[in-house]
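Next come two complexes built around chain A: one with chain B, the other with chain C.
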Partner chain A sequence: MAASTQTTSRILRVLNDGLGANVTDEDLRGVSRLDDILPLDSIAVLEFAIALESEFGIQFAGEQMKREFFNDFASLTKFLDAPPNPPQ
Partner chain B sequence: MIRRLLEIARRGPSNPAIITGDSTYSYPQLLSIAGNLQRQLRLQGAQPGSVVATALPIGLEAIAAFLACADLGAVFLPVNPSWRGAEIKWILDRIQPAVVLTSPDHAALWTNSGVSPDRLLPLDLEALLNNAPPAPLTGHPWPDDHPVVHLMSSGSTGRPKIVSRTNGGLLQAADAVASVTGMVPGRRVLASVPFHHGHGLSNNLVLPLSVGATLVLLPRFEPLLAAKAIEQHAVDLLWSSPVAYGLLADAEVPASALASLRSCFTGSAALPRKLAEAWKDRYGITIRNIYGSVETGIAAIQREDSVPAYCVGSLVPGIEAVILDRDAALPAGESGEVAIKGASVAAGYVGESELFPRLWNGFLRTGDLGRLDEQGRLYILGRVVPWINIGGLKVDPAEVQRVIASLDGVRECSVEAETNPRGLDVVAATIALEPGLTLSRANIIGHCRAHMAEYKIPRVIKFISELTTDVSGKRPKPWS
Partner chain C sequence: MTSREISLARQQTGEPLFLRSPVRPWFAVKDLMWLAYLYPLRWLARVCSDRFWFGLQRLADPLYRWIHREPIRAAARRMAAGVPASPEAAAALAKLYIRNALQRGFDDLAFGCGRPDAGSHPPLITGLEHLERAAQLGRGVVTFSVHSFATRSAHRALRSMGYPVVVVRARTIPVSFGRFGQWALGGAYTRCLQNLAVESISNDDPNVTLEIARRLRAGWLVHIAPDSRVSATSHLVPFLGTERRISSGILDIARICRCPLLPLSAAYDGPRLRIGLLPPLELHPAPGAEAHTRANLPLLSAELERQIRANPAQWEMWVDL
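What follows is the complex of A and B.
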């Protein structure tokens, strides 16, 4: 659970520092779908994916590079908590 | 256009025209597919002069549709497939297409907007590939002034306008650009800019095919997929946008994957200098600027490896430019509104001629602020009237403002561009609410999503107590 909180903070940092959004802790609270609080057009999805890769030291597989994957906030957080290819 | 492609097919029947996924189509095969589609269009009621709307991603179907229309003498109207109800209705209020070509899962958007089902043609690629007997294209010699495509433009206000491009204008522009970019038969071009975008249709479709080059199709831009396609198919020429070049660099695509690239051009938005330098350092390739719009076609191209800041290159053959201060031409070195004249310049807007920019001695006013230097190089310094450029898609701040202001509880709203940490523009909204009311970021985004395409929704949302500015023009601080 603690890891998730830390992961959420890191996602928040990616949203603000990587994408230039101005999302707050409060905005993220209780969010199940990221597009509730962020426009997720195709460019935003790519920017988000690349910024997450950089922040978490991972690489998303091709089939993950879809809006649906990044939109489900709970499963995204769970994935980032324990990525299959963790940073070396 | 089609007569030229038929000649290219006759001279090199095995030359590849399209590579998509693992499939390669020669010029004769591509023209055959377009012929089969043209037969379907005719059966559906399309004829010379009628408009065929297409809402399709980059793909063989969209290219075949363009060629089928060009041969039939129908007008190809590419529509952004991400557009929704209100945006589709906006088109239908101005143009009633004889046929709408779309993917089966997109069809309901059109019928819900009032298009009768008998005008819809959901595309079935298998049927096009296996349709017998063949229905060859005719190569009918349509005159130069025959309209061949209607493109959506974002002009000085950002609201789309419909620009008609003619058979002759499109081809002359392609020939002029080919002459200064080394676009010759055999070159391999990555088609990654959607065809509903003027830059995509002109440079990722018409230009390469008009010389007999090969298009490698990338239906959805993802940096690693793009790099894979470039490496796998030895792509040597890339026309794209700063967003795409930035994503390739950010994804740390290795230089070895892009080793086949010999020429890179960018349009749609200003190229951040930092990105140009990073790209050159990492990949050893200069990204060259192109400048133009749907209304003007490509007006200038950077030929040198290195140019001064804001320089977008020299004028394309057949294009003239002047810098205007209201109604007077300015000398070299002085800044004013850029105005362009040439065969590729559009004659007006479809259905809204009153909105077309006022000409100055035959020169089209672009709304861009710029200057020419003594060597005739063009510099673009900004806009006379601002819009927001999101990866080449233009967003009208006034449209976003109107949508947000229509939400109950919003008293005032202001929308403008904000630069993100990567040096690119995002949509930013500053909102003042009615006293005592509370709205969340989610409320604003949900309301916007119901009324407009995703790329127009603000990424930055600030709530403030008052929107009015003080005497110094400063805005009050956000609440948070």
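What follows is the complex of A and C.
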């Protein structure tokens, strides 16, 4: 199942508004790894994770707090499409 | 260029994030010392009587000072300028500095072999109420200090009191190792340190900040020493009358995780261990990461300077031992 456009747009908003990146829809099209278009240092990855939690009203579990989880853009968007603890 | 931009650029060019070690000699006297420390002394610590052990510590003191006579002079010069102190006072501080280094070495050996060390004696703790209050916020606590000889014993003492402590530390081989030592003893050195520390997170682990956040959420006390220079987020700041690289990553973690930053100081006081905890740093709110760092880095470096000036002989980084 492909990730929804709405989820991708929300991630884009987090990247641009939360992290001050300058990523466009075009950049994200067909991208499977986030670090291909935007290498994030360890502080930026943490900032990204916390901003995603705030945007999607979730809390990532311990096993998800890995850099690889956030760099794998395809899996991340699929996860955020149907998070296990969705907002009430 | 901001630290984040530098960090991104380094990742893009493949340049290592950490400072390169200077060229090592093939063999260093320190290799022999480390060889003795990691093998015969460790075996001895397991089998000898307490009386023999403390006698050995007293005997080692003049020998250790003789071996380190040049570092003692260098430390005294830097202490005289940085504390500041008179040449006589600085010379006395430098001798105490070397004694503290030796005590840490024996403490670590003792701990690794199940003997009582400074961390296992009832420590003199001030300001524990600040830690309790910070922990009650439910966001975990980041404690920070300069690299001090007694910090490891302080962590062991806090852990024995029931505080879940994890330390962020570098897992690099000291520059004092020669190439032989690096090759033959590097593995044993790393394993030895892992056994001596309370739990640790390596600062070159790509998941380091996410792991820190995970621990904080679970209520851990995460200890970071921002004066290491080996950091991807370091800034050159005025420090002890000169300049030094201080890592600002701790400020980013506090900003993002909204956790308190508690100054912790640890010092040997003869056979006793003193641990001091202060109220959390009152960080200035600022819009954006760079503004936050600019606003708060002076607070951080001032506290680190205060810790060194309060206990100059405890700061292990006057010279590279």
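The criterion applied here is as follows: the second predicted complex is superposed on the first by the 85 of 88 C-alpha atoms of A that agree within 3 Å, B and C clash if a C-alpha of one lies under 4 Å from a C-alpha of the other, contacts with A are read in each partner's own complex, and residues count from 1 in each chain.
Rule of thumb we're sticking to: contacts are C-beta pairs under 8 Å (C-beta built on N, C-alpha and C of every residue); 3 or more make two chains touch, one makes a residue touch a chain.
Model, not experiment: these values are computed from the prediction.
Enquirer: Going by the contact rule stated at the top, is it chain B or chain C that touches a larger number of residues on chain A?
Expert: Ranking chain B and chain C by residues of chain A touched puts B first.
Enquirer: Does chain B (first) or chain C (second) touch A:23, or do both, or does neither?
Expert: first
Enquirer: Looking at A:50, would you say it contacts chain B, chain C, both, or neither? Reply first, second, both or neither.
Expert: Both partners.
Enquirer: So, does A:37 touch the first partner chain B, the second partner chain C, both, or neither?
Expert: first
Enquirer: Looking at the overlay, does A:83 come into contact with chain B only (first), chain C only (second), both, or neither?
Expert: Neither partner.
Enquirer: Indicate the residue numbers of chain A shared between its chain B interface and its chain C interface, in ascending order.
Expert: 20, 39-44, 46-47, 50, 62, 65
Enquirer: Okay, in this complex, where on chain C does chain A touch?
Expert: Touch list, chain C to chain A: 4, 7-8, 11-12, 206-214, 217-218, 232-233, 249, 252-253, 256-257, 288-289.
Enquirer: For the complex, give me every residue of chain A touching chain C.
Expert: 20, 39-47, 49-50, 59, 62, 65-67
Enquirer: Show me the residue ranges of chain B that touch chain A in the complex, using the header's touch definition.
Expert: 82, 220-225, 243, 247, 250-251, 390-391, 418-422, 426-427, 440-442, 445-446, 448-449, 453-455, 457-462, 480
Enquirer: For chain A, which residues are in contact with chain B within the complex?
Expert: 17-24, 27, 31, 35-44, 46-47, 50-51, 53-54, 62, 65
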